[in-house]
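I have a structure here, written as structure tokens, and I will follow up with some questions on it.
Letters A, B, C and D mark the chains in the order given here, with residues in each chain numbered from 1 onward.
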Amino acid sequence: MAQDTYTKRLWLEEDLADDLKWSMLVKKVLYSGKSEYQEVDLIDVGPFGKTLFLDGKVQSSEVDEWVYHELLVHPAMVMHPNPKTVFICGGGEGATAREVLRHKSVEKVVMVDIDKVVCDFCHAHLEKNKAAFESSRLELINDDARTQLEAYPGKFDVIIGDLADPLDGGPCYQLYTQDFYQNVVLPKLNPGGIFITQSGPAGFLSCTEVFTCINATLRSVFPSVLPYAQHMPVFCDVWGWNMALTDASQAELSAEEMDRRLAERVQGSMGFLDGHTFKGLCHLNKVVRKCLEEEQQVYTADCGRFIHGKGQAAKPAENGSQQ
Amino acid sequence: MAQDTYTKRLWLEEDLADDLKWSMLVKKVLYSGKSEYQEVDLIDVGPFGKTLFLDGKVQSSEVDEWVYHELLVHPAMVMHPNPKTVFICGGGEGATAREVLRHKSVEKVVMVDIDKVVCDFCHAHLEKNKAAFESSRLELINDDARTQLEAYPGKFDVIIGDLADPLDGGPCYQLYTQDFYQNVVLPKLNPGGIFITQSGPAGFLSCTEVFTCINATLRSVFPSVLPYAQHMPVFCDVWGWNMALTDASQAELSAEEMDRRLAERVQGSMGFLDGHTFKGLCHLNKVVRKCLEEEQQVYTADCGRFIHGKGQAAKPAENGSQQ
Amino acid sequence: MAQDTYTKRLWLEEDLADDLKWSMLVKKVLYSGKSEYQEVDLIDVGPFGKTLFLDGKVQSSEVDEWVYHELLVHPAMVMHPNPKTVFICGGGEGATAREVLRHKSVEKVVMVDIDKVVCDFCHAHLEKNKAAFESSRLELINDDARTQLEAYPGKFDVIIGDLADPLDGGPCYQLYTQDFYQNVVLPKLNPGGIFITQSGPAGFLSCTEVFTCINATLRSVFPSVLPYAQHMPVFCDVWGWNMALTDASQAELSAEEMDRRLAERVQGSMGFLDGHTFKGLCHLNKVVRKCLEEEQQVYTADCGRFIHGKGQAAKPAENGSQQ
Amino acid sequence: MAQDTYTKRLWLEEDLADDLKWSMLVKKVLYSGKSEYQEVDLIDVGPFGKTLFLDGKVQSSEVDEWVYHELLVHPAMVMHPNPKTVFICGGGEGATAREVLRHKSVEKVVMVDIDKVVCDFCHAHLEKNKAAFESSRLELINDDARTQLEAYPGKFDVIIGDLADPLDGGPCYQLYTQDFYQNVVLPKLNPGGIFITQSGPAGFLSCTEVFTCINATLRSVFPSVLPYAQHMPVFCDVWGWNMALTDASQAELSAEEMDRRLAERVQGSMGFLDGHTFKGLCHLNKVVRKCLEEEQQVYTADCGRFIHGKGQAAKPAENGSQQ
């Protein structure tokens, strides 16, 4: 580096796997905080812009969080005929609530995130989500999501899981189990209700880490589960979601009808999602489909599966000898 | 790092952008060579296994090269009714020829790669591609691809571009221009012939680097162009291909017919590709479709477009204020 | 890295040479500022504690700045029989003034640093130097050091160069030239006056970058020049100083007399320096002594010498064949 | 990095402390091997040239190994009046034997290194040390140094410890204990014999890791111990040695007498060492001297002290408040 072009180089290094790491150039450390659960930082990094980190792990970035949250929220919301009440497990960043509140039909959003410090931090520093935090339709509770969902009077049209991946022994593992889905989520859905959860990496090399297990767990409880996936640059992988429907017929939405409902029900227009796009996301590739079919593991209360960085789901085709 | 778990840490660092880099743990430097054009290395790295580098840039890796080459070769080969002759621009690694030669209909493959050292290196060290290099159906020429394609007696059913991205002033730029497509490729295709080229990054943040320009350039020459994309882990992005057809009707292949042709015509089975998968790859998302529609730039002989790491194609939706 | 021990890893990366870099773990970015000349940051890093950076280059750190400043200031101050007036070229950090002001004999310190933003930043944030900035004996001027030294009414007992290394074309180069020493520094010293300057890396591999040239330049002007060196961890090298005396006999100070004067004249005690230590620092090794003897280059107004990271001053001994 | 100047960047990363690491650019991986004890590599790196690594830790580099080995071998050899027999504990690299064999008085060198693979590797690949490995005066034994020294018939004039640092539980710890010095080394020295050992980092921030403990341990056994230190670039720190003399009067060698003996007794000339240089190395600074004086820990058979990267030996002087 030529001396005359020298500028400070502060890098944020993240392990993608045991043997792969990446480093984002830090432009500015904007805000830092610490709760009893985790460190929270808003940092302007490399090509990703303002990026939220919890314990140094990327949560969402300016350049692609809108894609992630469109895909988490709107497919389920438009497949439901008329969602009025929504429960969000986690979601402390506020962006999930922001997208839900764009739906004119929504009367009540209950968001339960255990970490008040993170919620306050995001309320204060994420300008884009500020209005959502201050909406009269939002009820924000800082507590364990299961406890609150179980105790909450009444049922919901849509329940959204916006939680960290199910690490064995991790804080969110219990919110991905068969027991939770069977005994808490399903009973709390109104007839025709839909449950949607982020589901970790879903690439052909990584889908067996948690994506296929979440799918298998949901399939053991719900009559219909719709998996879909999209590459998220800031996660350096394809990301997956699983939508669980109490009424399987709702999944038969045409691209045109999805476009019509998005236009009719949602304030503003979508940046990434439309019916054609969603059809593509649901066409999973041969490797991932095979992994979904073959997955045996259901998350139960006493058995989880770690993400050790990236696993390897796909094997070279039988015609492929070693290089 | 605990002393007792210490092992040597040799990292291969690659710039993904000016402000983003990643590092792969080097398990073993297997072979290294140097031609008049470039350095060539086969290194066992991090989560990617045996990986081929040209001038330190990843070309292909054990864990995903089979996906890349299935997607480069087979869609075009099965859309063509009966491909007998194939011309490969570049392809020195040998894997493209390997996949082409799996088609029983193929009688002749001409592969023109400028770098003999790379070809010899890959012939010697990539076990998986060895048989292809030694096939009696393969004619390998080390020269400029344009010169050889122009001069070659006879025409081809399928022409494949397996070249480095079109950097302005780079060695491959001229093989992505309107002039090359109009005056060399098109005249050298038999009736019903198909041209397919790798087309660089095609993510919603990166597709305007070269992907949309290659598409626009091909559309200015061919009656029908089919773009598609798939995430490639070793390239840390979604990757794109553009297929240009002289007979637009060939693109109307159903998923079932694609599966039938793959089963019938190709030795062995596919690892990644099938008709359902390919339908998904062709369903590009709203952002990329919009970038394709709006792209004005056609590559001409005297105007290129750099890839400076990653550009940014997508902007947050209008409802998205700054975080 | 086990998920449960994960903490954020923000690294500050500094090039030590073209082919050697190091990375300090960032514990906290404390303060950041920007002047018309440079960026200024106070960052708590790795093993070095609170560290001051100018344009991302380490200036001084909590764990060793006290060593650097003891060695820059006190040897010259105690070799002078009774220093009352001191001029500091640069020194915006305030630590040089802090050490000078510990001398009871000092009546007036004039410190001229071009960058007011850096001075204000250090005044505000370096608690240890705060009292120095506020001393009634200090006159702080933000201007070019040469202009102010030339124009200043009266002469000085000790002049201290606390400037960045003399890069060709860099902002400080002119303050290391024969012309500056001959026509500005020497005329501004009282009889028996001493000039001391930091002199860049002085290791056996690095001493010819600037250390030996500064020495040669001073020797071309002053009757006696005393070079000495000490390893500075935060600079990742041995560091050098050159003391130029108008009265060569002052350099004959015994270790015991140095200890006596330090005890008598200075408030508080030294952490690193004493007479025995200083004797050691002046015993340069055979390689560095040879480089000093053989150095031909004198810095003149129109000729500099770059530091490109680290040069190589020493060659293996003649008995040493290649490994 | 401009695309046209791109070259492969393979970095060897070494932890210098938990929160400090450095990376050397790998020019070429020359040779790699693996023994039952460790990995051994000869790699051409960054500014250090051909560098020997054991388990990924730098052992010695082309640019400074000659300094290290001159300082390990010659001071003890010339302080002894007439060294004929020398025992080397460790030293598998061969450079210590190489320097010892330059002494014309030497009739017999016994070198005991546990790792035959390392010895063979260095014999084959370190051109500079080849003659030493093949000298008729060298007896090389691959075994535990203590076992062999105890069993060896006869005594030695000089015993040299060229071993890895004494990590608690590490393979070399037992060769730094009071028991080993008292019951093996001392009885095996001829009258007037000298023991010299490398002693780990000896900077003012790092000297208490092992340097001061080795010194204290030797002082508990020998009548006179002479510590000295020199910055070693490839170790990124000042390095220390401790010389233990059975005849304290031998340490009173003048610089002139050292120069005379070096010229008279040694083949070829020194690159780094002479009497003046050595005087400087023995003048340890105030911090290190204080740490030596205050050190209470003696290495006994059941108690060691880890090196966790760098510790911190020095505290800012009492006048130094926090920055």
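For the reader, a short list of remarks on this structure follows.
Here is the rule we use: a residue touches a chain if its C-beta (ideal position, glycine included) is under 8 Å from a C-beta of that chain, and two chains touch if they have at least 3 such contacts.
Here the structure is a predicted model, which is why all the values come from computation and not from measurement.
Common neighbours of chain A and chain D, listed by label, are B, C.
For the pair chain C and chain D, the distance between C-alpha centroids works out to 32 Å. Separation between the centroids of chain A and chain C, computed from CA atoms only, is 54 Å. Between chain B and chain C the centroid-to-centroid distance comes to 56 Å (mean Cα coordinates, whole Å).
Each of residues 23 in chain C touches at least two other chains.
According to the touch criterion at the top of this document, the contacting chain pairs are A-B, A-C, B-D, C-D.
On the side of chain A, the complex with chain B involves touching residues 16-25, 27, 42, 45-50, 52, 62-67, 70, 102, 125-129, 203-205, 230-231, 233, 236-238, 267-274, 276-277, 279-287, 289, 309-310, 312, 314-323. Residue ranges on chain C touching chain A, taken from their complex, read 1, 3-4, 6-15, 23, 26, 28-29, 32, 39, 41, 53, 55-57, 167, 169-170, 306-308.
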